[in-house]
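Encoded as structure tokens, here's the structure I'll be asking about.
Chain nomenclature is as follows: A, B, C, D, E, F, G and H, assigned in order of appearance, with residue numbering initiated at 1 for each chain independently.
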Amino acid sequence: MALNVFLSGEIHTDWREQIMEGAKGLDVTFNSPVTDHDASDDCGVAIMGAEDSKFWHDHKGAKLNAIRTRKGIEDADVVVVRFGEKYKQWNAAFDAGYAAALGKSLIILHGPDHQHALKEVDAAALAVASEPRHVVEILRYVLTGALPG
Amino acid sequence: MALNVFLSGEIHTDWREQIMEGAKGLDVTFNSPVTDHDASDDCGVAIMGAEDSKFWHDHKGAKLNAIRTRKGIEDADVVVVRFGEKYKQWNAAFDAGYAAALGKSLIILHGPDHQHALKEVDAAALAVASEPRHVVEILRYVLTGALPG
Amino acid sequence: MALNVFLSGEIHTDWREQIMEGAKGLDVTFNSPVTDHDASDDCGVAIMGAEDSKFWHDHKGAKLNAIRTRKGIEDADVVVVRFGEKYKQWNAAFDAGYAAALGKSLIILHGPDHQHALKEVDAAALAVASEPRHVVEILRYVLTGALPG
Amino acid sequence: MALNVFLSGEIHTDWREQIMEGAKGLDVTFNSPVTDHDASDDCGVAIMGAEDSKFWHDHKGAKLNAIRTRKGIEDADVVVVRFGEKYKQWNAAFDAGYAAALGKSLIILHGPDHQHALKEVDAAALAVASEPRHVVEILRYVLTGALPG
Amino acid sequence: MALNVFLSGEIHTDWREQIMEGAKGLDVTFNSPVTDHDASDDCGVAIMGAEDSKFWHDHKGAKLNAIRTRKGIEDADVVVVRFGEKYKQWNAAFDAGYAAALGKSLIILHGPDHQHALKEVDAAALAVASEPRHVVEILRYVLTGALPG
Amino acid sequence: MALNVFLSGEIHTDWREQIMEGAKGLDVTFNSPVTDHDASDDCGVAIMGAEDSKFWHDHKGAKLNAIRTRKGIEDADVVVVRFGEKYKQWNAAFDAGYAAALGKSLIILHGPDHQHALKEVDAAALAVASEPRHVVEILRYVLTGALPG
Amino acid sequence: MALNVFLSGEIHTDWREQIMEGAKGLDVTFNSPVTDHDASDDCGVAIMGAEDSKFWHDHKGAKLNAIRTRKGIEDADVVVVRFGEKYKQWNAAFDAGYAAALGKSLIILHGPDHQHALKEVDAAALAVASEPRHVVEILRYVLTGALPG
Amino acid sequence: MALNVFLSGEIHTDWREQIMEGAKGLDVTFNSPVTDHDASDDCGVAIMGAEDSKFWHDHKGAKLNAIRTRKGIEDADVVVVRFGEKYKQWNAAFDAGYAAALGKSLIILHGPDHQHALKEVDAAALAVASEPRHVVEILRYVLTGALPG
């Protein structure tokens, strides 16, 4: 068994790298959205031309990013969505809902402060974890049956 | 043509009532999540018994609410999601993602402050509006072809 | 909002009647498998002719019953599956799996003794309850937002 | 033609090994749930932290196991479900129902004592066999057209 | 519970009338293909203009008939396909395959002479019957639980 | 049997009225896009506010119209698409492709001049007709088996 | 582009070999049902034990063969169904219907005598051919754009 | 991440070659319809025999081409549709609608003259571009996050 895993959500810490590093040796393929914040914001106008309106500037970029995100989620067996400490992160919750509707196995990653606000998202998940290493341990268990320690 | 519309998101203002009032006479069926905040938080333990842990207290309630929300979204032709001024509102973004993955026609309702943070959600929508009356006008146009004033 | 509910599982107590009685006045349509044990066992041969082999006797009947069960589950918004104290009740667990794969909202009803043995089934459910009145209260809450007491 | 086969159900005998050994040389990929009983029971709390309640202890584990089981069934062409002599084995029947609803080819493996209790499960299957070697012979026939003897 | 039943296949005897007569009082909606043989053959050219080639003459008609047949099968809960004594009846077997792939409950109706030739079709069915009254009895049992006699 | 029919395409002649008039007495529900050309062009900005750019002016309107068109096609059993003498009519061909991918029964209506240019669209259809009355006759035949004359 | 092609239908001539020989060098994977008539008839009882009744003898075999046929059709891009001169060949028509409902590209292969009897099957096809070499030429054209001669 | 891209539409300029040349080194698989205009028109009769009627001549060819087009679109992650300066190009718009209904990521490529006529098609797209190099830049960004310049 091999797993295709999409890592959605927060882009300001190295949680993706921690998971990918920890999962070395496991039969997992990881995909992520573009995590370069500026490129992600400006990709639409950088390629297809400037917009006077900020709304359409954002719109063109968000749609380009949707090509990658939808492909990533649709190909995934497992979608991990991390919510960080700051920002609205509505795209993260949107991805979680999108993945849930497609029947993907969801793992939600967040600290205790967000527990109540994320209860609907957590309720759709097969695992709710607080640390990136938990995700590694879940992937290892799912693929090999081995538990930590 | 008749439309089934699910009104998801913010529960602290009377936007749902404005829309339902404005749409009187149109062939629209409206559904909503339970908008009583306390009932929505406590429904799980009130029915199936108390939990020591806040996480599982929330979890039991969120899953009950999911019965209504999924039914509402799956039956809908149009899903309207409103983002208010306050709170994380991750369940609103989750519902938007869920509806998008099912191919529902999405209308997103929010003020100008949230424009950048909601760009991925807006990019999946067929309309982005700022006032409840816009939703009424959209429903009227879609059903009858009549434009405002 | 109206709900279509399929009541699957144990056929030796009056739990279905309790739920239907309790739910009077709610906008719910209930369906069930044929709960006459003898008719359910013998329907195939009674209609299409006797079989020498007990396996094919059972097989013909089980397939006829599947016409009703599949229709009931596929039309349902909510599938309630009750596990009683006795018997293997594999058809109940089969129905739960069938409903889960179709994305139906599952409510599992069982006493505390079966908690460990049913953990995989419970894990797929949106509610796990122990008494028929809990199901009534869930349906009332989902449809009206009203909590017991 | 190559087949992907998921081996679900009883974990106390070596039936999986018999099938995998017998099928050597055939173009079959086998997958199974985690068959280490203790790891399977405790995986949730071992990775994501202890629970006071046995129900939630089980729940966390059952959901982790669901990641593997759903992936295994969804990728499978053929799902083999074995029912042993003991225990409720409701997860096995649940997997059979899940696979049936997804249109997978089902092979059910059980001894004669369970024939009546499994009639609904058997009725959804394309083959009902009593010995692991029958499964090997079925896979060989399906892939090569060769019959035993 | 109500059933939508499509009656496909043989058009030279009154088996449809027997079933519809026998099922009076049951909550069943019946649909059928156009059973007027000449109209069915010539409908395409009668409406859209003559063809020199017999192949395209037939083709235009067969496609018009497909509008009705597909609608009928897609709306059905149960598809009954009767094979008569004569003719190739490939359209009947085609309808059975079409219905099977859509997961419809299939009832196949034929006499003993065709048993071997129809074994693949029968294997996809939930009931194989030899007389129209069997179909009536099946529908009555499925809807009411009552057995004949 | 009743049919839901969506009438897509050319908006400059009274072909829709001819079909609806001719089909009086048949059990058919008709839906159409908004056929008021100006309203259809300007609906987006009329409701949600003006745009400086013609592209986004059009974009907002086209998306609102998509709410109606998708609902109309998804609910339809039969999609009729008429290509007139003038204009590019790419939205008509887009609707035909959309309907074809959803497995709808397609009827294409056009004059002989467009036969070669529409060959791919015609190839996906169950009927290709040149006059609105042909559509009426097709609907009458499909519903009643009666042929013209 | 590569194609997966399932060759269904008549098993008494070497049409499959002609097509596979002719298609050498093209990027096509071919699959077929088991074409050994005796093995195909007896596979069920040979593996899982004898049956007294001819019906169940056939039934057990037909279901085993369905494992291969469904896998073959579901994996296919193109399903070729050949109807020979003799026999009822209802399994061939059943496979064609099954493939049509799944949206597979159908090629039907038959001589002129069967043209009228196969009109409904032909109407669901993207090509109707009379000789195996036509199928080779179609596959070559679809993959490379090259026409014969 | 790798992308499968189908290049549909205009066949009179070298835009496909520009995109494929520009995308060298990216993990993209490109597919296209047959772009030899004469072969595409005549393939049906060249393989399966001449037709007296131009309509059926075209019909046979269009259906053969549909085998390739449907396979190409169904396998694609991204469907690029280019509209040139001339001709009706209804097959291009049909492909865009077909791809949209399947949920494919659409990129529409056209010059400013067609902006109004293509507004419904553009409204279904995730990107609207005017030059082939834009498509290359989009693919590079989606796969690598790198922006031009």
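Quick note on the criterion: contacts are C-beta pairs under 8 Å (C-beta built on N, C-alpha and C of every residue); 3 or more make two chains touch, one makes a residue touch a chain.
Chain-to-protein mapping (UniProt): A, B, C, D, E, F, G, H = YtoQ family protein.
For clarity, every value in this text was computed on a predicted model and none was experimentally measured.
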(request) Report same or different for the chain C (YtoQ family protein) and chain D (YtoQ family protein) interface, where same means the shared residue numbers exceed half of all residue numbers found there. (result) same
(request) Please determine the option from A-F, C-D or B-F whose contacts repeat those of G-H, over half of the contact pairs being identical by residue number. (result) B-F
(message) I'd like the Å distance between the centres of chain F (YtoQ family protein) and chain H (YtoQ family protein), where a centre is the mean of that chain's Cα atoms.
(response) 23
(message) I'd like the Å distance between the centres of chain E (YtoQ family protein) and chain F (YtoQ family protein), where a centre is the mean of that chain's Cα atoms.
(response) 31
(message) Centroid of chain A (YtoQ family protein) to centroid of chain E (YtoQ family protein), CA atoms only: how many Å?
(response) 49
(message) Taking the mean of the CA coordinates per chain, how far is chain C (YtoQ family protein) from chain G (YtoQ family protein) in Å?
(response) 40
(request) Would you mind listing the residues of chain D (YtoQ family protein) that make contact with two or more other chains? (result) 63, 66, 103, 128
(request) Provide the residue numbers of chain F (YtoQ family protein) that touch chain H (YtoQ family protein) in the complex, in ascending order. (result) 54-55, 58-59, 61-63, 65-66, 69, 83, 87-102, 114-124, 128
(request) Can you check the complex and tell me which residues of chain F (YtoQ family protein) touch chain B (YtoQ family protein)? (result) 31, 34-36, 39, 42-44, 46-48, 60, 63-64, 66-68, 70-72, 75
(message) Looking at the complex, which residues from chain H (YtoQ family protein) come into contact with chain E (YtoQ family protein)?
(response) 51-53, 56
(request) Could you pull out which chain E (YtoQ family protein) residues touch chain C (YtoQ family protein) in their complex? (result) 1, 3, 77-78, 103, 105, 125-130, 134, 137-138, 141-143, 145-149
